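Think of it as A, B, C, D and E in the order they're written, each chain with its own count starting at 1.
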Amino acid sequence: ADDLTLQLKWVTQAQFGGYYVAKDKGFYEEEGLNVTIKPGGPDIAPVQVLAGGGADVTVEWMPAALAAREKGLPIVNIAQPFKKSGMMLTCLKESGVADPKTDFKGKTLGVWFSGNEYPFLSWMNHLGLKTDGSPEGVTVLKQGFNVDPILQKQAACISTMTYNEYWQVIDAGIKPEDLVTFKYDDQGVATLEDGLYVLEEKLNDPAMEDKLVRFVRASMKGWKYAEEHPEEAAEIVLENDETGAQTIEHQARMAGEIAKLTAGSNGALDEADYKRTVDTLLSGGSDPVISKAPEGAWSSAITDKALQ
Amino acid sequence: MNRVVPVLTVLTALLLVWYVGAVALNAPWARDQASRAGDSLTLPALVHATMMQERPVLPAPHQVAKGVWDGVAGQKITSKRSLVWHAGITLSATLAGFAIGSLAGILLAVGIVHSRVMDLSVMPWAIASQTVPILAIAPMVIVVFASMGVTGLVPKAMIAAWLSFFPVLVGMVKGLRTPDRMQMDLMHSWNASGTQAFWRLRLPSAMPYLFASLKVAIAAALVGTIVGELPAGATAGLGARLLSGSYYGQTIQIWAALFAAAALAAALVAVVSGIERVTLRRMGLAR
Amino acid sequence: MSAALPLIAVWLGALGLNTWIARHRGPIPAMLVPLIFGATILILWEMACRNFAIPSVILPAPSQIWAAFTGNLPLLWGDFTQTILKGALSGWLIGAAAAVATAIAIDRSPFLQRGLLPIGNFVAALPIVGIAPIFVMWFGFDWQSKAAVVVVMVFFPILVNMVAGLKATDALARDQIATWGASYAQALVKLRLPAAMPFLFNGLKITTTLALIGAIVAEFFGSPTRGMGFRISTAVGQLNMPLVWAEILVAAIAGTAFYGVVALVEKKVTFWHPSQRQ
Amino acid sequence: MSVIEAQGVSLTFQTADGPVHALKDVDLTIGKGEFVSFIGPSGCGKTTFLRTIAALETPTEGRIRVNSLDADAARRARAYGYVFQAPGLYPWRTISGNISLPLEIMGFSKTDRTDRIARVLDLVELSGFGGKFPWQLSGGMQQRASIARALAFDADILLMDEPFGALDEIVRDRLNAALLELWAKTGKTISFVTHSIPEAVYLSTKIVVMSPRPGRITRIIDSTLPHERPLEIRDTPEFIRIAQEVREGLREGHSYD
Amino acid sequence: MSVIEAQGVSLTFQTADGPVHALKDVDLTIGKGEFVSFIGPSGCGKTTFLRTIAALETPTEGRIRVNSLDADAARRARAYGYVFQAPGLYPWRTISGNISLPLEIMGFSKTDRTDRIARVLDLVELSGFGGKFPWQLSGGMQQRASIARALAFDADILLMDEPFGALDEIVRDRLNAALLELWAKTGKTISFVTHSIPEAVYLSTKIVVMSPRPGRITRIIDSTLPHERPLEIRDTPEFIRIAQEVREGLREGHSYD
């Protein structure tokens, strides 16, 4: 079988259920692949692993990928299993945030950095809010691994994913009615998440291309299976978690939420989604995330073949 | 035996402080919950509530104890939920890193004491090396190793070694230079070679410094390993356990892993102390 | 292979030069040797980056780092004040004071020594990585939580060394002062503290660098949008490696200077110790 | 009035290869203003006995009383000045600083300290070396500095362990004379270990001869010499007779091994 | 044939409060098999001169030749055994271990070492103390152990800095006799620092009197005593005359300060 290494963006969890299902159910094996899945972590920059040769394919968010591309690292999106964005800003009602257009000013907002800050920054750009600590803007906190800042009331709002952190806030005992959430999707600033990326040069190698085609095909099979069987997907994820920290309840719920995001994607990137992402990143004031529209940042070559 | 009473006394005092702290830190949350539910808490009810939270700001001692107990005794040792299993993974990398680090520290110190070129050139750069924030380059270290096909224990051990060589280096340089003038002169008058003076005078004189440094170094090696476990993809080990606990806001799990790590560190330091005591007694230095 | 040859040549040349210079005594060779050593490393690094075409997202060349350094001075200065001056320095001072005080307390009372030292070892061995998120929760996002991490981190090494130092007086000196009927405090101030200084400085020197690491690493777990740790993790995510290394350069300069100052004070304070007399 | 009183003092060190009987059944009474010399073969327990008086060792049997207090209480009352066999100067203090140390501990004022330091430095012929560090002095100079340190604070009892061992005859004679003068003037009680028979006879009112394995007192010789002692007294028949007696005592001790 | 040759040797220490002239224009030749004693007031440079011979200090002026080599080459050729003024035993080694140390360094075989250790321990009357650690011995015993250590490896030149300072008269006499016997039997060249005039006269073929500030040689007295020297020789007029001469020389040195 051909070896292939996949670098995840985050730790083992149902967010990556499709890949674990494909591996566990033997979908990769059927395609003659021997796939190694490497969990990520807070300080892993997946594109860096890719550049260092530590992985063949990586799961990454498009803003980070495009920014890397502009930095001169030629990476290409070859598939997009996630149709929708799961990002949102979750605020305590008592903090008095009701409308993003008017209420953020002067508030403290928790943001993920390490390449995950781009969607937030472009949203703030859209709103015309400064993020450099000046008085007419917002105060930005670098948010750690968890939802503590909102529980400790250190921030008015924090970044959450629909499938994960939001539920942690709920689990911590805060009632949904005490919270206000703003999905990036609803605000029109959604960017593509969890795509598959490779180094451009890999696409020029027919053998590699063939491997990738088989990989994407098997992965999508895994995703669709996970979409239909969230409970089972959660169990498979749990078995693959070496830290032993995950709970089945949380993962099952996550698998359900993830299914909502992958629904409607067959793996092929929808050019409209891509355009919207690029526009979001390009637009906005003085400090856009990318300075010009990228070229060749995605390729349908793999999905075209995989989906025949 | 004469240790038990003092240890217990201090322990009791500490637990008391801890419980008070737990009540104080967890109370706002309990009050908040109560007021959301529309009622207010009496003091006993408040104290009770602070002891029972699932994600307390500061878990009470018995909650942590239960976490540790579940992690140690409640699982098969080979289970991924067993703290023993995670501790074992961390321990192996710690020991490997400590061995590499202290050996490197000792060798560099020997070089520095004997060679002027090394004395002048190595020390400033050894210092500089320690100021490199390890967590920042740890992912790079892991990436670089991975690109060479090396994964698993070695990259973590290298980070542990990186942190542990420095205390040994500093302590050994000082220790090897401790013999006083007359003792060096005696060696000189016998025309002892550098090697002979090293084994018979410098090294024995350096022993107290060496062991003080080794104790620091082994604790540092553990920190290094845990740091290395964070970006290593957070798969296994106490570091991964800490991180995932932290990620899911499982304070009890964090504290349990923390205590396991501290117990491991204390055990390692105790082992070094034991070796120290035996060695110094053998050498007649402990009276 | 042929790409490695020039590197080896440069390395051998520099080694030879240094060996030759080190034969001369005086302050100028003492300055020159480490500089040449460092310059050699930098040249080798630059050559390696070019000859082996190492991508800059993995390892940038020194020239790129320098450009990032000079191009971002105000930014770097802001991060430096936030992390080093506020976080590391204050934490180090508090931690060192606490460790010395604890060592003396422990030394004074055999009861505490037997009771506190094992538990102290245990508590102090709590790895920072676990403590940092907790301290962020307790002390907030700003530098206070970073200082707290540094306090915990430097405490143990200084304590171990200080306890060893307080035991380091020889029997004659202890007997001597006993015959004068010195009180405990007097024996401590006049005899045992001075005798402990070489050990104490051992601990202080080791922890200068630990303090920097602690302050920087703690920022990975939550911080305001400034500080060296924040900048590093953000820049890694943006693949801005030259900026990452520029921050590391700042850390190295600050750490070396910090260490140098402590070593200088040590030289003044323990001038009498054989390792300083040579 | 007795200042130091030892009754049935024994002291045994436990070592890895068996016990060492450093002192065995030592009885001795030293009166106020006496000058007692201890003499005996190397290893016979002189230092150990002085240390026991100073409460630096605890006897395994018997008891010691100093100024009618137990030894340790006397130590805390700062009853004596002790000159150790090795100089034991602190390397981080200058010679003046070293002499100043016990004075600081005992709370002498700054000006008083300066005076006393100057006086004792002069006494041991080290004026001008106050600013040097110990390792910059010769062996004999270090020993004198340590004597100066013990004299500086004017304790009533002086315990001196071979203080003049590393000095040449001429300085030694001068310091002997100075010590006698100090003793006569101040009425201190002095216990003095020496290896020199003439020195013991010249200085003492009482000479205690000890012998090793186990360490014990074999003879106590009371001096019949007058209190006033010019250096020439060393040529008188009386002096020579006492010296001879001490020598015999010493020889007896040696014949044991 | 001259074994040690000093020509115009000066040595100045730079200290914080000005230079110290420890040696000034010292000229001295010591022939093979000579026994030379150095005597002089404390701080006159005796130790410094011995250290210079042993290449432990480098003269600021002049030069020293040992066995026609420069001093450092002679040191590397292991030309001498040095007994320091303080015992300087290693606390982590037993007495036997301390004596064994230079033998190990010089590559003596295990059995040879055991023999030699037993022999020198016996010579300094410490048989039975080989297994003790230094701090378990009295001051005099430590000093003897350090003498034993220097004698064990049979160097041709012995440099001894007040080796018998802490010993009582009787042991000292015995060790003096033993040293003389060793010297007669082996023809070693010995440089010997002492503060005792009788000891210097009794042992030496040549007595060097030194004087301080700056440290220099004021007299060199050749002994006219025969090589064969029973203890009673100390009562002969010849002995007393030489002793008197040395005493005068010493006194002169003292009058300087």
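In this text, contacts are C-beta pairs under 8 Å (C-beta built on N, C-alpha and C of every residue); 3 or more make two chains touch, one makes a residue touch a chain.
Not measured: the values here are computed from a predicted model.
Asks: Can you tell me the least number of steps between chain A and chain C, where a step is a move to a chain it touches?
Replies: 1
Asks: Measuring from the mean C-alpha position of chain C to the mean C-alpha position of chain D, what distance in angstrom results?
Replies: That pair's centroid distance is 50 Å.
Asks: With chain centres taken as the means of their Cα atoms, state the distance from chain A to chain E in Å.
Replies: The separation of the two C-alpha centroids amounts to 84 Å.
Asks: Could you tell me the distance, in whole angstrom, between the mean C-alpha positions of chain C and chain E?
Replies: Those two chain centres are 49 Å apart.
Asks: I need the residues of chain B touching at least two other chains; which ones are they?
Replies: Within chain B, the residues that touch at least two other chains are 57, 135, 139-140, 143-144, 147, 181, 230, 243, 246, 287.
Asks: Two or more other chains touching the same residue: where does that happen in chain D?
Replies: Within chain D, residues 86, 135 contact more than one other chain.
Asks: Out of chain C, which residues touch more than one other chain, so two or more?
Replies: 58, 133, 137, 171, 220-221, 233, 236, 273, 277
Asks: Just spell out which pairs of chains touch, all of them.
Replies: A-B, A-C, B-C, B-E, C-D, D-E
Asks: For the complex, give me every residue of chain C touching chain A.
Replies: Those in contact with chain A are residues 55-58, 133, 136-137, 140-141, 219-225, 230, 233-234, 236-240.
Asks: Could you please specify the touching residues of chain E with respect to chain D in the complex?
Replies: The contact residues of chain E facing chain D are 13, 15-17, 20, 39-43, 46-48, 85-86, 125, 131-132, 136-141, 144, 161-162, 165-172, 195-197, 247, 250-251, 254, 257.
Asks: Which residues of chain C touch chain D once you look at their complex with the stated criterion?
Replies: That would be residues 172-173, 175-183, 186, 190-191, 194, 197, 270-273, 277 of chain C.
Asks: Residues of chain B touching chain C in their complex?
Replies: Residues of chain B touching chain C: 2-3, 5-11, 14, 25, 57, 115-117, 120-125, 127-128, 130-137, 139-140, 143-144, 147, 163, 166-167, 170-171, 174, 177-181, 208-209, 212-213, 215-216, 219-220, 222-223, 226-227, 230, 238-239, 242-243, 246, 251, 254, 257-258, 261-263, 265-266, 269-270, 287.
Asks: In the complex formed with chain B, which residues of chain C make contact?
Replies: 18-19, 22-23, 29-30, 33-34, 36-38, 41, 58-59, 111-116, 118-119, 121-131, 133-134, 137-138, 156-157, 160-161, 164, 168, 171, 198-199, 202-203, 205-206, 209-210, 212-213, 216-217, 220-221, 228-229, 232-233, 236, 244, 247-248, 251-252, 254-256, 259, 273-275, 277-278
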